[in-house]
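Next up, some structures in structure tokens.
Two complexes come next, and they have one chain in common, chain A, joined by chain B in the first and chain C in the second.
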Partner chain A sequence: MTTLSLKEVSKRFRTVDAVTDLSLESESGELLTLLGPSGAGKTTILKLVAGLLHPTAGDIRFDGRSVLAEPPEKRRAVLMLQGPSLFPYMSAVDNAAFALLMRGTARSQARARGVEMLTRVGLPGLGDRRPSDLSGGQQQRVALARALLAEPRLLLLDEPLANLDPELRADMRHLIKQSQRRRAITTIFVTHDQEEAVEMGDRIALIFEGRLEQIGPPRDFYERPRSVRVARFFGSQNMFAGTYRGDIVATPFADLHIADGRPPEGPVVVTIRPEAVLLGHGGPANTVEGRIIESHYRGTHVAVRVAIGDIVIAASLRPDEARSFSVGDVTKVTLPPDRLWMMPGDER
Partner chain B sequence: MIPRAVKTDSPGFGHRHSERRRRRSTAALAGVVLTLLILPLGVLALFSVTRAYFYPQLAPDDWNLRAWRLLLHPGSEVWGAMATTVFVGLAVVAVALVLAVPAGRALGRHSFRAKRLVEFLLLAPLLAPPLVVAMGLDFAFLRLQLTNRLWGVVLVHLVPTVPYAVLVMSGVFANYDQASEDQARTLGAGRLDAFRYVTLPAIAPGLVVAGVLVLIVSWSQYILTLLIGGGQVVTLPILLFATSSGGDTALTSALALITIAPVLALLLLTSRHVSRMPAAQIGLP
Partner chain C sequence: MFAASRSGLDQVAEPSRVWIRLLPALMVVVPVFVVAVALALAQSLGLLPLVGDSRLSLDAYRNLFSGGELWRSLAFTSYLSLGSTALALGLGVVIALAFRHLFSGSRFGAFMLQLNLPVPHLVGALAMVLLLGQSGLLARVAGSVGLIDGPAAFPALIFDPGGLAIIAEYVWKEVPFFALIALAALGSVADDFEGVAATLGAGRWRRFRHVTLPLLAPVLLPAAVVVFAFTFGTFEVPLLLGGSFPEAMPVLAYRKFTNIDLAARPEALAIGIVMLAIITLAALIYLRLGRRFAGRQ
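Up next is the complex of A and B:
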């Protein structure tokens, strides 16, 4: 139960700014995912928190107390890395009990707790194996046991699942989240996979080029992205440039009423989730006519594309709704004002 | 390596043919190498057991073990020289490795502006003629009153050995992934513990290679030992040169074999470690 706060942290490698002026607060016991494209500085942030790197400027606090003067072994911010990070010369139990041994726990006691923890992560009876005799998934389980036995104040996970195949990855996600919840360990989970970030994170901190772009619950990134880059990173399909003036956004295909979000007047980009787009029944506002040009059945939903002039809007229908439409139909398209979201338009 | 007889069950005629040719050329190469290595030793062995063996005699006519009896006699100087050589060698290995690990780590892991320069300076003692180096060092050691002492000799042997050790270790560290060490640190291991439990086992094969190399170089030092030891510190090479100027071929040959034997044995014992490491990893061209 530790809160982590970064205060205006910067890290410079010679001439490269890896992290710039980053301020971040984690709540106690939450799982915060650090999301961003590779090279965005996510791993650098983890290493700064772990104490393996020292920030060029700013402060890092655990429970409000600066830890900058403390070396990694004193911080109890345990790192779990991508790929095989077990110590190859030690058995699985010794790996798991490493932190206890380093703290001076008696060997027999440390091993007993190692065996117990290995059982808890689903590896009963494999304690005497060498890492090279374990599968990739089993190695990650040992690594998790090792991290948990260190009784971390903070758990720092650096794409720990990147090398696993999809099925194993789902299992490990579940196991990590479950272990983290049960012990209420404040956890920072780094990933470049937006889906993984959404699934794992209580909140997401999106990092672009070493700067915090947006932080909040996963839902915000889909429905209320702060910028076009965020919307694009989260795969937004419907983005239309327009001009915002007096509660109305003028776009090439319609003047749209908007209920929420008030950027300064001027150029904006409007976005809407495909599942919020209504077809067929005309609403009180924001209704135009369009022609259905594509329709693809996707199991849980039907992805439809509608042309309004030379603009194409993606909509997502329930399979039973979609039955009443076919390609070529001209229909009413409604963009509900409370589901439209505006972002500043003067960006790439 | 001596190739075994050609297998007759290899699949495909053409394949078997080229396979056989390959094996034959390997055998030829091995033969040449073995001849070059063993022939001189064989000649030494032959000389060591005869009093006189001159052209055009086909075989020596007077066989005896006089030289060996003299040298291996309990009161012989050989034992003292052997002990001195071993002591100096081990001390040099210990000090060289202690210096080479942090230096190799810095060179292998980090890139910094003066790195090329440091590497060049490191190799400089190996590039300069040994006599020049020895004379200069003798002068310096005289002033420091390190001459004629065992420790002076140990110290001066570091000059030609440390560069090799650092080169080997920098190669090892260049290929060593720091992630395990980072991992250990965040799990509560201090710098020393992380080194001892995580890094050391990983670099151990490299340490063996560096150690063997250092021991061999130290073992064969003559000029540096003679100048700094001033004749007071008698190692096997010193004894060997002194004996050879005495003109007794049998004695010299036997002593040469005694000098070579321990190094040869060590190489055979550790060859597994040395040959298993890819050349790139031990930092040798």
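Up next is the complex of A and C:
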């Protein structure tokens, strides 16, 4: 059980700022996903925490104590990489027991614990195989066993599932989360896949260009994005520019009442999740008329697009709800005030 | 994806096709090699003599193996090639480790390392004479700055029984070869492995011992076998830089081959056959090493 905190950490490579002024706290035992597009500096952050890189400025603390003076082998912040990083010249069990062997545990004892851990990650009886004789998924299981046997204070996972096919990936997500929960290991999980970040993370830290853009529970990123970039990264479809004054946002298609979110008055962008948009039954506020121009069945829901003048709003209906609408219908469109979210409008 | 699978197919192309591609080269190499070896073998066995009767005998081998000359020469030659290979290997690894991050992606670095690769051994050997000889550059500099009384007081580094100049030439020539191979093997993959090992608690020395070395071994050991075989058979370097005693095997063979006494010729060729056997053994070790490491990767 370890807390990690980064205090105004920066990392500069010659002329490139990889990480800038990053402050971040993880709670003990939580799984924090570091999410961001590739090149955002996520791997650099992991390497800084692991001790493989040294920050240009700032401090990194485990349980409140700075670890900057400690080399990686003393930090017990164990890294697991995307590629198969098993040592190719060692058997699976020797790989799994690597940390124990490095700490001077007797070979027979280390191997026994390696075999046990391999069984626990679902690889019984494969201990004598070389990594080259294992599938990609099996290799990542061995890598997980190796990381867990190191009894890490922090587990640092750098897109460990990126090379696996979708079915294996789901299994591995489950295994990682289960192992992490059971041992309450504070874990940083790096990914560029927002779906994976949402599924894995207790909280998400979204990184753009080496800076922390937003941190919080996954739900916030869909319902309360801090900026248009965040909303766009999470696939927000409905974003309307407007001007905020009083409790009203004036948009080209309607004056919208808003219940939540109070940026300074002026230009804003309003967003709403498609599933929050109501069709047909008029509400007390924010109801306008629109015409259904598209409707696509998607299995779990029906994606509908409604035109209000020049503006198109995406809505998501349950299949049974959708039955009462067809393309071309004119209907009432309600944007409930408590589901609308405002973001500062004066940025890209 | 498509490109990858295509090159994958290429790699497993039927062996017959590989042979067809090699055919033009093989047509030149194989007959010359086979005929040369056959002639050498025949002459070493007393067949095809230049004087006297043709008579199958192992006399040449018997004389060689019973005298001390061959054994001393074999020991000296082995010492030269094993010593220089080990030194060059060690230095090459040290250089690669020292420069791996400095040179990564630097064309200038790679160029500097490769600088002496195209220089022939003959030229290298002459340079050693000019540099290390008692009338050479080092001796003159040492004499003129008063480190030694005169050029003649300079230690005998060439033509010496320890073969120091020979080893120096081999090492000078082969260090960049090992360093380049090691640098190639120490790409970003090695960085990742070492990084992961560090976070798993391996300190500097253990990382070197349990990660870096095992990654280098599969490429460096076969290369070392090749360098050993090459230096074992090199003629011009020990001829130019070696003393008259002990003689390296190729020099000994040459001296016997050019002896006025034509009866010495079978012995010269027998020495050649012994060298061929040793180099063939090295080649077999090379193949075995390659297969063993291939199975691991």
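By our rule, the second predicted complex is superposed on the first by the 348 of 348 C-alpha atoms of A that agree within 3 Å, B and C clash if a C-alpha of one lies under 4 Å from a C-alpha of the other, contacts with A are read in each partner's own complex, and residues count from 1 in each chain.
Definition applied: a contact is a pair of C-beta atoms (placed from the backbone, for glycine too) under 8 Å apart; a residue touches a chain by one contact, two chains touch by 3 or more.
Note that this is a predicted model, so its numbers are computed, not measured.
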Based on the shared chain A superposition, would you classify chain B and chain C as clashing or fitting together? clash
For A:T119, is the partner it touches chain B (first), chain C (second), both, or none of the two (neither)? neither
Quick one: classify A:V78 as touching chain B (first), chain C (second), both or neither. both
A:F87 contacts which: chain B (first), chain C (second), both, neither? both
Answer with first, second, both or neither: which of chain B and chain C does A:A150 touch in the superposed model? both
Using the superposition described at the top, list the residues of chain A that contact chain B and also contact chain C. 47, 50-52, 71-73, 75-79, 81, 85, 87-89, 98-99, 102-103, 146-147, 150, 156
Within their complex, chain A touches chain C through residues 47, 50-52, 71-73, 75-81, 83, 85, 87-89, 98-99, 101-103, 130, 132, 146-147, 150, 156
Inside the complex, what are the residues of chain B that reach chain A? 179-180, 182-191, 193, 197-198, 201-202
Show which residues of chain A lie in contact with chain B when the two form their complex. 47, 50-52, 71-73, 75-79, 81, 85, 87-89, 98-99, 102-103, 146-147, 150, 156
Once bound in the complex, which stretches of chain C touch chain A? 192-193, 195-203, 206, 210-211, 214-215, 217-218, 295-297
